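Notes for the one structure printed next.
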Amino acid sequence: MTDKTKTLVTLVTEASLESKICRQLERLGATGYTITDARGKGSQGSRDGGWDADKNVRIEVICADAVATAITEFAQSEYFENFAMVVYSHPVTVSRAVKF
Amino acid sequence: MSDPIILFFIFGIVAGLLRSELRLPSAIYDFLSMTLLLAIGLKGGIELAKQPFLSLAPQIGAVFLMGLLLPLVAFPLLRLAGGFGRADAASIAAHYGSVSVGTFAVGIAYMHSRAVFYEEHMSLLLVVLEIPAILVGILLARGLSKQTQWGSVAHEIFAGKGVILLLGGLGIGWVAGPAGVESIAPFFFDLFKGVLALFLLEMGIITASKLGSLRRYGLFIIGFGIAMPLFSALVGGLLATALGLSVGGVAMLATLAASASYIAVPAAMRISVPEANPALSLAASLGVTFPFNVLVGIPLYYQLASWLTATVGV
Amino acid sequence: MSDPIILFFIFGIVAGLLRSELRLPSAIYDFLSMTLLLAIGLKGGIELAKQPFLSLAPQIGAVFLMGLLLPLVAFPLLRLAGGFGRADAASIAAHYGSVSVGTFAVGIAYMHSRAVFYEEHMSLLLVVLEIPAILVGILLARGLSKQTQWGSVAHEIFAGKGVILLLGGLGIGWVAGPAGVESIAPFFFDLFKGVLALFLLEMGIITASKLGSLRRYGLFIIGFGIAMPLFSALVGGLLATALGLSVGGVAMLATLAASASYIAVPAAMRISVPEANPALSLAASLGVTFPFNVLVGIPLYYQLASWLTATVGV
Amino acid sequence: MSDPIILFFIFGIVAGLLRSELRLPSAIYDFLSMTLLLAIGLKGGIELAKQPFLSLAPQIGAVFLMGLLLPLVAFPLLRLAGGFGRADAASIAAHYGSVSVGTFAVGIAYMHSRAVFYEEHMSLLLVVLEIPAILVGILLARGLSKQTQWGSVAHEIFAGKGVILLLGGLGIGWVAGPAGVESIAPFFFDLFKGVLALFLLEMGIITASKLGSLRRYGLFIIGFGIAMPLFSALVGGLLATALGLSVGGVAMLATLAASASYIAVPAAMRISVPEANPALSLAASLGVTFPFNVLVGIPLYYQLASWLTATVGV
Amino acid sequence: MTDKTKTLVTLVTEASLESKICRQLERLGATGYTITDARGKGSQGSRDGGWDADKNVRIEVICADAVATAITEFAQSEYFENFAMVVYSHPVTVSRAVKF
Amino acid sequence: MTDKTKTLVTLVTEASLESKICRQLERLGATGYTITDARGKGSQGSRDGGWDADKNVRIEVICADAVATAITEFAQSEYFENFAMVVYSHPVTVSRAVKF
């Protein structure tokens, strides 16, 4: 096996940002991403997923460490101030590391 | 008041206030609102098929101007009397200059249940009114800054779910005409009020959830959320009377003017004026103005329309 | 047997047993069941609008007593003959003392397709019957323990999705009256059987998935799941006859008594008697009693009703 | 062309090309397609209830043979002229030998809106045609390899969502008969075209998303995606004429033959010939053939049918 | 950046517990949470998400270590015995650590 | 508490494989799994969740290290070549370690 350690970055944010963020992730070097619908609560209040303005998405990106840092910094400078968003990351072991 | 769709709305508010677990699944809410938007568009399109488009140009122009004007009235009020920051004032002003399809649908149902005639091309005016307030709102927040990406603003407006469904419905109704649309009438027209009833049930639940945040934003927002639609309804009613619309048409344009957006404008503002607090404008438009219009406003605007056409009208 | 809605149920069971991937999306299942609950509530509410509420008080009281009684019969049976622990016996007893809206809807469809009159305020008795068995079940499991948070039990019952939709429908139908509800009839009433058909398709799939767990719980649960509804139907039928209901009304109250809850009671028991195994009571109520009532019971209860009204009735 | 359901399809394509956010929630897409499949099955089943099943055996046999034959024509073409690998050629051939329920539904709507009679047991032939091409496709890819798990292939085909809903609908319609199905007609039949309209809206959006991938696969796939259905329609039309079907029936069997699967076959190929690229066959069947058939093909096949029955027919 | 390590606690449990658990999480010190709908299988059998009684939710909480321990212990004492529930946790790197 | 470290394996793959993979996971020793609906993008292109052929699922399995390795190797040999699939894993702390 060609197992290797990569970084998994997770962004939880407003659903209306989904397509914009996905384009930006690719520009920052992500080779892929996985998205699930979510709801939640945070500093911007309750976002309970009932209708468009209240939906969250949970975007996961497996990538190299440098890309992970770029994504986190980008999210921070672009979105943290005005948007409901949480970003966190941790190392994961992947097969076929060349993919990411 | 005993129209069942209004009762569904009240039921939703009660269920929400009781902290019941009752919610429409979000996929169903989307389905219902898509059906309503298409149905409203189709109704308008069928009407367009019956008359030369050009004859509507004056109405379209006048209504577009009204959409530019209303946020310009709301903005200084929000800045000075309300003490809101520039971005928030501009965003709220845009919400109130634009329109709410849900309120419009309740207006339609009101006219139908009283068998009041209204000009069905009102759906077209609904689409027209979605747009100018967004542009004014962005300009109020940003000035003529070069930073504003007008291309993506335009995309956000026209490719946004609400407007594109209305435009699609209008286009389909227009091309297919009254006879063509008959085959899909059982779905889009016969079920209209039932679909609207379920939609209003969920809107009631959402409204109840916004009531809590009202406390945070204080009395001014409640006052504004009632006074502004009253003023706008008067402007809309006068304009409609001047345009020579029927009583029903005057009432519907007053309703449109009085309604405050909670779909298209929030989405556009989120992209273009992200520093504006969306919870604030939604608390006003969903927590105050939507229930006010649905429960009190529409019957009032209908009376206003009767009075206007009787005294001012030709 | 050739009623298409029953065939949809059988089709669902077959698809489930064949391990087909067929499932209704969960949002659609919610949508269909909400529509059914509202429609049933509305039907009952319209009826209430026609007659003085007080005249129903005796029926409501009698039916409430029956809801208290039935679990008290089931409990010792489950404890002694079934050998179940206290919590499980109490929980199953509560399921069988309460009612199933799905079964009730099939009963309505059965009466309609045979053009049998029944008292439409039966929907109100349906709501009334949801409640007492839950209270008795909790008492049987806990005794008069001070630990039971009756406030949150009440909230769970009345704000739970099922009961609140029934109550909401009842209230709306009552206030709006027969004429008011007409505008939403195409959605809630004309589509009723189609919606019920799809709902039963999914119920069939769920039933098939519960059949597997039956093996684990043994023969007693199968016997109980058939004998208990037969007994309850007799009680319900006798009571209805004593109350002077029509043949259709007797059949419907027998059906209500025979049906076992799989929505309101499981939710309430999960909160109040969490140590009871929910898989056990659902295997009985969904895996045995629901299909039994739908496929065999309802026609039987109708015959019972004809016989009772002919011989015992006034 | 001004049939509104076609306009919904075009609207979907436009919305997709404009990169609008418009999508039906996936649960709603499932709901609509399940409703269409059941309705088509029911229509066919009602027809079966009216005539002896055995009298259809020759048609079933002939159509089954056609389903075996068509992929055998497509395969060498794809291998030699298209230069595709064995697995891809076999998979595409299977798609084109099988049928598309969406196309069939548009065909039904076309006949209805022109009040053209067609043999309603066509739904049964639709089911029959789903199957042989899948078997041939697997054989073409694998040969008579012992590795192929025919049991799981059969399960995939018959228990797959599409086929089981068609079969379920057929069975229910057959057993319940025309009178029995009346109670669910408002849901399954009156709403049919409205449901189809929304379904086609989403199909348009999906089609638009496949248009992009067409560029990658080159001109051959576009040519094949138009030429193959034209050829198949001719085969289907000739066969139908030989079988003595009505003009409408000939047009419908030509449409069936011309249509390319995008539900049952992709699912079966994914399991049985996983090395075939699913994006390739879906680009052809959804990006080219589906829009071609819906926008151009069906009217053409109807003209072909008129001509065939006039000149070749008895 | 103010990156810091926090703990991500995930609870997979019966959907009907959602609102109750969310209230309890806040009482235990969580500043937010993210919820996704889920289905699954475990010691309490298959929960396939088809209808209310069979739905799971997956609740994620980013929090300080002490809060994570409190949540895990609370879940254990309150729910493990009678409810379908799985709880696990691992460290994650977050930006704006002050939020959690 | 009986806290212990286990491995969380996540598979993101085509929704149509769900039931087949779940059976295989149990054969490989998994005692349970959690599934969420997902969409995403990767080397096999965009899978945006709109209709059956384009849906992803995200399957999570908490298990012993050996089982995690078996699952990863199995996925690699059985699915990596022809199917849209990503597999990754990382250690998590669980209560009631005996369950997994």
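Lettered A, B, C, D, E and F in written order, each chain numbered from 1.
Assume a contact is a pair of C-beta atoms (placed from the backbone, for glycine too) under 8 Å apart; a residue touches a chain by one contact, two chains touch by 3 or more.
Computed from a predicted structure; not experimentally measured.
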item	value
Which of D-F and B-D has more C-beta pairs touching across its chains	B-D
Interface composition of copies chain C and chain D: same or different, split at half	different
Of all other chains, the one whose Cα centre sits farthest from chain A	C
Maximum centroid distance from chain D, chain identifier (CA atoms)	E
Centre-to-centre distance between chain B and chain A (centres being mean Cα positions), rounded to whole Å	34
Centre-to-centre distance between chain F and chain A (centres being mean Cα positions), rounded to whole Å	19
Two or more partner chains touched - positions in chain E	36-37, 49, 90
Junction residues of chain B - those touching two or more other chains	21, 24-28, 30, 161, 186, 191
Sites on chain A touched by chain B in the complex	14, 16, 44-46, 48-53, 55, 81-83
Chain D - residues contacting chain C, complex	25-28, 30-31, 34-35, 38, 155, 158-161, 164-165, 168, 171-172, 175-177, 180-181, 183-188, 190-191
Contact set on chain F toward chain A in their complex	12, 36-43, 49, 56, 58, 72-73, 75-76, 80, 86-90
Contact set on chain C toward chain D in their complex	2-5, 7-8, 11, 14-15, 18-22, 24-28, 109, 112-113, 186, 190-191, 193-195, 197-198, 201
In the complex, chain F residues that touch chain E	1, 3, 6, 8, 22, 26, 31-37, 62, 90-96, 99
